[in-house]
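One chain, subunit A, appears in both complexes that follow, with subunit B as partner in the first and subunit C in the second.
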Partner chain A sequence: MLTKARIVWIGLFALLALFPLVVTTPTWTSIIMFALMYMAITTSWNMFSGYSGYVALGAACFFGTGAYTAALLAKHWNVPASGDLFWLIPLGGILAMAVALPIGLIALRVRRHTFVVITIAIFFVFQLSAINASFTGGTSGLQLPFLPWGFQDFNVPFYYLAFAMVVVATLLSAWVRQTRFGLQLMAIRDDEDRALGLGVRVWAVKLSGFVMSAFIIGCAGALYAIYQGQIYPQFVFNPLFDISVALMAFLGGFGTLAGPLLGAFVLETLQLWLTENYSSGSLYLIIFGALFLLVIIFMPQGVVVYVKDRVTKREDRERSMIADNEAQIAGAAQ
Partner chain B sequence: MSFLLEAKGISRAFGGVQALNDCSLNVEKGSIAGLIGPNGSGKTTLFNVITGYVRPDQGTVNFAGEDVTNARPDEIFSKGVGRTFQLTRIFARMSVLENMLVATQRDESWLKGLTRSMSSASEVDAAMDMLEFVGIAKLAQLQAGSLSYGQRKLLELAYVLIANPDVILLDEPAGGVNLTLINEIASKIRLLNKEQKKTFLIVEHNMEFVMNLCDSVTVMNQGHTLMSGTPAEVRADKRVLDAYLGGGEEEEN
Partner chain C sequence: MTFSNLVHAVIDGVLTGSVYALMATGLTLIFGVMDIINVAQGVFVILGSYLSYALSVHFGIDPFVGLLITMPTMFLVGIVVERAFIARLKGPEKTAMSILVTYAVSLVIEGALNMIFSTNPVQINNASYVNSSVHLFGMWLPFIYIYGFILASVLLGSLYFLLYRTRFGASVRASLADQTAAALVGIDVKKVSTICFGIGIAVTAAGGMIYGTTNAFNASSSYDLISRLLTIIVLGGMGSLAGALVAGVSMIILEDIVAVAWSPVWSNITFFILLVIVLSFRPQGLFGKQSARVA
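The block that comes next holds the complex of A and B.
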């Protein structure tokens, strides 16, 4: 069914799909390609963390696993420097899910702040392993086959792969939202013990959500590795990556469908543009910090929810309906 | 006689505090049973043991002839024991209707949840009927967190009822709500008991509420069950008075 909202969604996605046909400057296709990558990652992260309220700061574990999967498999299987490399992307996603399972088994035993801390701790285990293990190439990282494509069109296949990831992540996230499973994740967010007492298998629901969300993040890691041609442990297992993903989701609207897409698009584009134009790399950090403070203070639920509530005047409407109902109950009893 | 719900010799300590000490409680099928006692006498802990939130150190819980002593809360709910909480617990950022839907399928496997839609038309109908029954159907689309305290109580009652449990444990259904709503809730409970033969176990401080509603009452004091009987028997029992008004026994010592 073509509702108004769906037309807007399709329109925006069409704009993104047409972008590299209109703007062919490699600088810009690269910037938007990265924005798309973060949109897919943040949406996928939000599909578990946003819906269930379990703020995981370990997305880089999956991203790095995906990147190293692509690099190591390309090396061991002698994948030629061609489009064949792209077949490694789903494998990166699958490996990320495989590492998500034990991480989930450990971290999902605890809640809230403890959960956040445990995911950070696990992240550092991954980073240190990548730096110190021999098969990962240590601090000098790993090289991937160099793609001998022209400079002008180099970004385009990567752009469309990232775009496809956004589409898949968004559809998956939208689908989860309207299943019974998604309902149960949101019930866990609001009150896990109450959900348990209403028959929700919280353990199974949390674990499967956590593992599912790792897939796209792992795919994005593999895409990143193939694009860069060289990966370093400190960049693919980067604590700033974990924080960025969470910031993007919170800024746009934690637990909503559009929020993470908006947050990731705005922040990543802004960051790359600022780095491009004002080469001092830390300017964006100052701007982000200020922006984040403003959003948390004035619209703690994120931009999307804030705007929606203002437009629909949710609070006024609710207040009057609730008062009516109170009066009705009192009247019926007399 | 066999009982629908039977707790036998339940003991539970938290650190050095013996919260429950050899408690026994029986609920007859189709009855409304009350559980009363002074603050801190262990009523809610006993509820938590029965519904699987707290494991007992000793004792057994039987439901419909089956031992459910160490089952998890979700398993116990699936078997047909629903409960509400003393401080109402609802899913604040979900709509009232979504709150109802969480409880609709009490014995569905979690894997099925991945492939099925949030609700079927018949589930929505049933949920709306139940909301109509408790009187908040018009609020179905609102965020549950914006409801008043009394409306939350009604919502919690409604979503426990929709799963159609065999026995319903209510933890202070009349606590903190106005008199009109207390009468409203009492009449709903009576109606459900009479027409659908639902079994209830109710913790409550409001004596009038308990005495008017319950077929049998169990009294707890300082972690153990003092006595059980009809409301009239309980009212006449000297030990119950002592427990509530401050121990005569202690003065004798």
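The block that comes next holds the complex of A and C.
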């Protein structure tokens, strides 16, 4: 069924799909490609953390696992520098899910506050292992076969792969909201003890949500590795990545469908644009931090919820004004 | 590993661990009273280090004397941050939001420190006791480690006196136990929260001074610090003061032992693995109360 909201959604996605046909500057296709990657990651993260209220700060564990899977498999299977590399992307996602299972088994034993901190601790185990283990190449990282495409169109296949990830993540996230499983996740967010009392198998629901959300993040990690052609442990296992994903979701609207997409698009584009033009990492940190503090103060529930509330309030006001007018007219007539 | 190496590791661990215990106590106090996880604690420590560094290098003020300036300054910084941002957080996502808000605060401070002091690591090393040592227990101990231990012990002692022997301390402990009940018996929980946040940040000035004299640091050292401090308070049991103390000292001892027995490279990771193991058996941490507060 084509509702007004659906037309807007399809229109926005069509704009994104047409973007590289209109704008062919490699700088810009690369910026929007990264924005799309973060949109997919944040939406996927939100599918567990946003719906269940369990804020996980270890998304980089999955991202890094995906990136290392792609790099290591490309090396050991001698994948040629061609489109064949892209088959490694879903494998990155699957490996990320395999890693998410034991992490979930440990971290989900505790309630929210401690969960956040444990995900941070587990993240550091991953980062330090990647830096210190021998098979990961240590701090010098790993190289992937470099794709021999022309400079002008180099970004385009990556752009559409990232776009496909956004579409899959959004459809999945929208679908989960309507299923029994999604409702159970949101019931956990509202009141876990009550959900448990009402017969929700909270443990199984949380664990499957957590593992499911790892897939797209792992795929994005693999895509990143193939795009860069070289990965370093400090970039694929980056604490800023963990927090950025959470900030993007909160900025747009934690637990909503459109919020993470909007937050990721705005923040990632802004970040890359600032680095491109000012090349000052410190300035970006200040702007990023200050922007987030402003949002918290003025729109504590995120941009999407804020705008929605404003629209509803205006409609209510208009409706009541019409009602008032009608009452006055009716009064005058009497 | 020889026996003397082991003894050295333990003594070193106690001396350094006490400083970590001090910084972690500030963090756990804030969590216990306010349900706020202050991930900016690491960057506040570094801010404290830079304040001491600036006073010592540019004005020639001894870092220990400088604490008379830096501690009240950090206390005020804490009050301002609490009033401006933390006090606005409400509702079921309060704790999760607090992580992101304090993270945003820490990004702003990190960016500002990078701009002011550049990212080149520095160390506070122009005081005489930083580079000289004393022969004790059959080994050379730098004076600064001993002074740092004494400072941390004195501050922890005064903090315990404040919390357990004064009227204000009684209201803090009441708020730690149950905020609603504390409010009901007439405690101004808001005011107690603000002051606790101030105290929790003020101790980072002292911790930062010791950290800055014993390590070369720049703004991104805060990531290393905050990951350790969070691990310490979770291991000790979030909101437990005794837990922060015991976990702080024992974690650093363990880290030092692993560093001598195996390799410094893997000592960091032991820290986190120990946390994961302990939590698998005791999800509430060593000293945490079982479901004292339902999330």
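The definition used in the following text is that the second predicted complex is superposed on the first by the 313 of 334 C-alpha atoms of A that agree within 3 Å, B and C clash if a C-alpha of one lies under 4 Å from a C-alpha of the other, contacts with A are read in each partner's own complex, and residues count from 1 in each chain.
Here is the rule we use: a contact is a pair of C-beta atoms (placed from the backbone, for glycine too) under 8 Å apart; a residue touches a chain by one contact, two chains touch by 3 or more.
Only a predicted model underlies this, so the values are computations on that prediction, with no experimental measurement involved.
With both structures placed on the common chain, the touch criterion links A:229 to neither subunit B nor subunit C. By the touch criterion stated above, A:197 is placed in contact with subunit B alone, subunit C being left untouched.
Shared-chain residue A:83: touches no atom of subunit B or subunit C.
When the two complexes are overlaid on their common chain A, residue A:205 makes contact with subunit B while staying clear of subunit C.
Overlap of the subunit B and subunit C interfaces on subunit A: residues 190, 193.
Subunit B contributes residues 51, 53, 72-74, 77-78, 82-83, 85, 89-94, 98, 101-103, 105-119, 135-136, 138-139, 142-143, 146-148, 150-151, 159-160, 163, 180-181, 183-184 to its touches with subunit A in the complex. Put simply, subunit A touches subunit C in their complex at residues 53, 55, 57, 106, 109-114, 116-118, 120-122, 124-125, 128-129, 132, 190, 192-193, 239, 243, 246-247, 250, 254, 281-286, 288-290, 292-293, 296-297, 300. Looking at the complex, you find that subunit A touches subunit B at residues 178-184, 186-187, 189-191, 193-202, 204-205, 208, 255, 314-315, 318-319, 321-322, 324-326, 328-330, 332-334.
Across the complex, subunit C meets subunit A through its residues 31, 35, 37, 85, 88-89, 92-93, 95-97, 99-101, 103-108, 110-112, 114-115, 223, 227, 230-231, 233-234, 238, 265-266, 268-269, 272-273, 275-276, 279-280, 283-285, 291, 294-295.
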